[in-house]
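The structures come next, written out as structure tokens.
Shared chain: chain A. Partners: chain B in the first complex, chain C in the second.
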Partner chain A sequence: MFEMGRRPGFLGYSSFERSKIAFCYLALLPILALFAILRIIPIIETFWLSLYDWKLVGSVRPFIGLANYQGLIGDEQFWLAIKNTSLYAGASVILGLTISLPIAVALAGKMKLSPFYQAIYFLPFITPMVPMAVAWKWIYDPRYGILNYILSFFGMQPIGWLIYPEIAIWALIAMNVWKNLGYNIVLLLVGLRNIPAVYYEAASIDGAAGWSRFRHITFPLLKPILLYVLVTSTINAFNVFTQVYVMTLGSQAAPGRAVRVLLYDIYENGFRYFRMGYASAEAVILTLIVLALTLVQFKLVKSEA
Partner chain B sequence: MRDTQHGIGSDTGLPGPGASNRGKKLPELVWSGAVQLALMAGAIFMVIPFLWMISTSFKPPTEVLSWPPNLVPKEPTASNYVGLFGEAPFVRFFLNSVFISTVSTVAILATSVVGGFVFGKYRFPGRDFLFLVLLATAIVPFESYIIPLYARMVRWHWINTYQGIIAPYLIMSFGIFLMRQHINSTISDELLDAARIDGCSEWRILTSIVLPLSRSAGGALGIFAFTQAWIAFMWPLLIANVRELFNMELGLTMFQFRFSTDYGLLMAGSVLSVLPMIIVFVFLRRQIIESIALTGLKS
Partner chain C sequence: MGGDQTRIDCFGINEGLQVPMIVPAQNLEGRKRRMKRIIPLVVLIATMIAMVSVTASAKTINIWTGFPELEPFYKWAGAEFAKSHPGVNFQVLSTSLREFEQKLTAAIPTGTGPDVFDVGPYIAIKLIDAGLLPPNPPEVDAHLKGGAWSKFSVDYVTIGGKTYGIPLMNGSRAALFYNKKMFREAGLDPNSPPATFPDLLQAATKLTKYDSAGNVVRSGHSMRISGGGSGLTEKFRFVLHNAGGDVIVPTGGGKWRNDLDNEAGQRALQYYIDSIHKYKVDDPQVRHDSEAFVTESTAMFLRESWVIGEIKSKNPKLEYGVAPMPKWERWDTLAQPWSVYMSAEGAKSKEVREFINFLTGKEAAAKLVELSGWIPDRLDFDWQSLVKKTPQYQVFVNPPKGMGFFADPVMPAFDEVQTKVADRLVEAFLDKKLVNNQEGIKRVVHEIGGLIDSILKRYGAYGK
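And then the complex of A and B:
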């Protein structure tokens, strides 16, 4: 790269440098404009809109301060959404890691995940959500679904998996665990294989094996990547929407049975009832939750590095 | 970090926890047999939804609702796939998805290469600040600022237009970040200076040096961008209210609300929607898994 003087001010640059700088701004202009219109301004506007009572239609848009947030505090549906989303995220992540960790540890030895298994375990992760949600809806079908058929061998009565929100959320969690299992395993495998073999050799000299080896060597050394998977999965789970919409809304998208998650509540308030200001306040809450999780992640990465 | 690439896909995995008990033959055999068995059981669990989907898609309506269900269709038929061309404009949905994803991919590649090049190879006032702002937008989930974006589309009369559906998918901050890393590590400053001495303008350098040299990272980014646009759901749901504009995901969703009992047809539609992703995955499995594992580790 050409040396550039530390002299302050634009006029300090030579004409050659100036033409390069002009190129930079010119080339970046359309990109920055797109980012401003499609990302930066809407992000700021969301905060701004959350302070207004705005119905989208009509030009009246009174400023109401924090009233939307006060409304949220007393809104049972909002709290239900927070509760459901947290349960969905927490249970998905914990179940997902509990299942994928033993598999990854078992595989991390001499065995390598053969391309065949690799492909099969990874398949659900790369396939789009809607067709998979439709397929699982068919599996969960109360009358003809294969799940109730399998359970009937164990003497169980048919269950309406997606009919009652309290059951449906667990059906959604199970599907989420299934979909992300391969991703978890691959990341954990990378982490396990980065643990230097000398640690294990030293441990076997000290007589540590099995559980104690896992507890004192594998687990602490795997912790950074475990935490990474934990936080990113939680963030992803907080943005759940598609499966909820496809699997738990009734025919003609009737909301009666929907599992109320945060994005669904935002969708309903904003785009069914057109309470745009109120929905923006909810969106701000979602943003703050995700930002907090991201901060935790940065902190963890820093402290482990 | 270099070892990670081997660990995932190739034979040169590092000796892991099992390596130290090489002496004990029998327990190890039992152990690896048990692991293989568990792996196989897991694999069956992973593919059952796919098999069930494919199997149902080849069943005639009477067999779909037969009890007990047959895992393999007794009288296989392609009528569900034929039905996709008739009852619902699935071909149209499919082409919409292809069109939307292609435009998005081209735009993201273009903006990412240009952005990555300028941020990676030049110094100009405000560079670090601008780069930081672009990266920071990636932290905020897209769905959380969907309301003002939607309002803007209403103001621009872009509801029910292709440009409205595509707009948010024209840029990707991760793309700019990725291309910046790639360009910084593969294209030397000397090469660029040599080109300048030969009289190349900065634009010429961009098109005839940087563009061809960013092909490999561009490929990975392209797959990522295409997939992201293909699976778009919430935004098209808001913007596209006429079925001529539905993408595959939206078409399938609306279709399943209308024909909620015709699972044969629905599964055929699902197979069609999954197919492009599976084909790409089969051909590029290793690259995809490696790049996902590595981006996971780096960020």
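And then the complex of A and C:
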């Protein structure tokens, strides 16, 4: 017996259902095509380039297999870049979340000026990176910077924030945390406000309050948003470039090695030394690192959820 | 349809019908109003098309430079050239040197680069090596070999028997700028500036000013000690070369090796370490470079002639002198032609070639100094009247007898060598543990030497 209006067809779908599915795919096609052109094909092309001794200038580009990857193993600057980028990303994500979560929790309560504070925190995020980096370069200036000026009231000697290797990377991390704080807060606020009040009411009846309420209700129910913030923050932090580029320009700036990050190293190899094949190999490694970290984060947060 | 409200179709819209068409007067008025609106629009579009056609017929020569101080010179040259070449326009783009080099090297291979540009030999050789820069056409070659340039300059731009570009200016001839007022205040004779590097350090100790906590507030000798980039190594070479070494030296057959992992390299690095940490005549946290000299935040520094132009425009009352590069084991200064090039042949080639000849001609040479401070590379340049007007140019245009010159090696690996060495040097300069630590200094120069040789090997340019 057949149901009314439904006839058996390919994979058990009726022709109406098939046309609905086809329509969905058709509607998705332009965006999928764009995604393929702008994302997938360049990634494949980058991997392909990484197998060649591909110079930005020059017509001889021999296939060299995995030689670029072998070169990376012995490249001290590449490992320094990996180390710095990992430190930058790890510290930025951990500090960013640690600071933004309590602020978001406070703003999610019945704070009178909550929207105003949200706007204030969000402002740095929407400010373009280049002028921001220039401004921070001045803030960090050892002689004329406002940071050292403020610290001088506490009897501190001027500090070369962007000059000394052990400080420069942390100066960049502080700037990144500050810039992305608003973004994290807004996302976490969305998550916090979507937690049904009924759980809190039940918790109150059971006598749970404060930390125990946060630990057993807020935190577990916030995990999907936390995962999203964690993944996007990690990807963004691994892609750090602009601030390093802007703040290391000029004769009064950060040392190249102290703040050498992976994208800067890729940029320098590709566009300064014209080693596009080598830079592509670095880009492939960066993609794999970010991909692996994202998968790990997914697994960790999901397994706990 | 009343008579007042109707009009015969006078526009012949319906002529084919042979029937007098009655059109409502209101419609006709509306059509006229529309026409009144359309006519100015048509005129505007026609004017724009005409303007676009005129613009298209004009030739625009794009000029790129990494020296913003050259922009007024290029603009002057463009305006002068256009007088005898109606229909030729110029667009000048200037950015910082490193940004310009990166933009240029990305644009040239894709055919989107400028028509005319000036660039250092370390970048030009990469483009030449890749076949992206054409050799000089016969008329430009003849202009170059017409006797206005020294044999050294002509040889410097000759690669594989062909000449590339025309030397526009002497790109790196460096000398010692010193503040005479500060010399007097420190009890030093402003008429006898330091003649050797040890003298320079000694004078710098007297010229440095400190605050109550012992921090440098005015450096005695401003050295390039931070910021990275190949420029830092270039400045280090002022000391290194005169200490008896260099970054790389030829070993014959187009091969090179490092000349830094030796006593000269150790001496040069120690000079920096002592200056920064032992005698504290400079500090990474104070202002540096021309900015420091112009604002009187340093007493001395080593730089090229363009600084004279900068002082003229930013602090004309500055009381300063320019002395030759100090001696040490050797007495040489960096001096090399900085050339102007045309990109590949195209529709504008004739005008571009003529413009390059004009740009590097005798008439433009005087304007180059006047507008930028850089000195031309031409031999027939009237330097006497220049020196009479601005005595500080004397050292640059009429170097003392006995002083020699050294230049950047024209080979593709050199830019990478300089840039990567700079990164290592910055790290070493900031390392206080290297004070009175000969073993430490020896280890650092050995590491840097190894780095240089490894880069040369990768380029297939290493020789023992």
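Keep in mind that, in the parts below, the second predicted complex is superposed on the first by the 235 of 305 C-alpha atoms of A that agree within 3 Å, B and C clash if a C-alpha of one lies under 4 Å from a C-alpha of the other, contacts with A are read in each partner's own complex, and residues count from 1 in each chain.
The criterion applied here is as follows: a residue touches a chain if its C-beta (ideal position, glycine included) is under 8 Å from a C-beta of that chain, and two chains touch if they have at least 3 such contacts.
Everything numeric here is computed off the predicted structure, so don't read it as measured data.
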In the overlay, work out which of chain B or chain C sits against more residues of chain A. B
Once the shared chain is lined up, is A:Tyr69 touching chain B (first), chain C (second), both, or neither of them? neither
Once the structures are superposed on A, label A:Tyr273 by its partner contacts, choosing first (chain B), second (chain C), both or neither. second
Is A:Pro158 touching anything from chain B or chain C once the two structures are fitted on A? First, second, both or neither. second
Could you look at A:Trp170 and tell me whether it touches chain B, chain C, both or neither (first, second, both, neither)? neither
Touching A:Asn239 in the superposition: chain B (first), chain C (second), both, neither? first
In the overlay, answer first, second, both or neither for which of chain B and chain C A:Leu38 touches. first
Looking at the overlay, does A:Trp79 come into contact with chain B only (first), chain C only (second), both, or neither? neither
Go through the superposed model and pick first if A:Tyr25 touches only chain B, second if only chain C, both, or neither. first
For A:Leu187 in the superposed arrangement: first (chain B), second (chain C), both or neither? first
Can you list the residues of chain A that touch chain B in one structure and chain C in the other? 56, 143, 249, 251-253, 271
The residues of chain A that touch chain B in their complex are 1-2, 4, 10, 19-21, 23-25, 27-28, 30-32, 34-35, 37-43, 45-46, 49, 56, 103, 105-113, 115, 117-124, 126-132, 134-139, 141, 143-144, 146, 149, 178, 181-183, 186-187, 189-190, 192-195, 197, 200-201, 203-204, 209, 213, 218, 225, 228-229, 232, 235, 238-239, 241-242, 245-246, 249, 251-253, 263, 266-267, 270-271, 276, 279-280, 283-284, 286-287, 290-291, 294
Can you tell me which positions in chain A touch chain C when the two form their complex? 55-59, 77, 142-143, 157-158, 160, 163-165, 248-258, 260, 268, 271-274
Please output the residues of chain C touching chain A within their complex, sorted ascending. 96, 98-99, 101-102, 105-106, 108-109, 126-127, 129-132, 213, 215, 224, 226-229, 231-232, 284-289, 291, 415-416, 419-420, 422-424, 426-427, 430
Which stretch or stretches of chain B touch chain A in the complex? 1, 3-4, 7-9, 11, 13-21, 32, 35, 38-39, 42-43, 45-50, 52-53, 56, 64-65, 67-69, 111, 114-115, 117-118, 121-125, 127, 130, 133-134, 137, 139-141, 143-152, 154, 167-168, 170-171, 173, 176, 189, 193, 202-203, 206, 227, 230-231, 233-234, 237-238, 248-250, 252-253, 256-258, 260, 263, 266-267, 269-271, 273-274, 277-278, 281-282, 285-286, 288-289, 292-293, 296-297
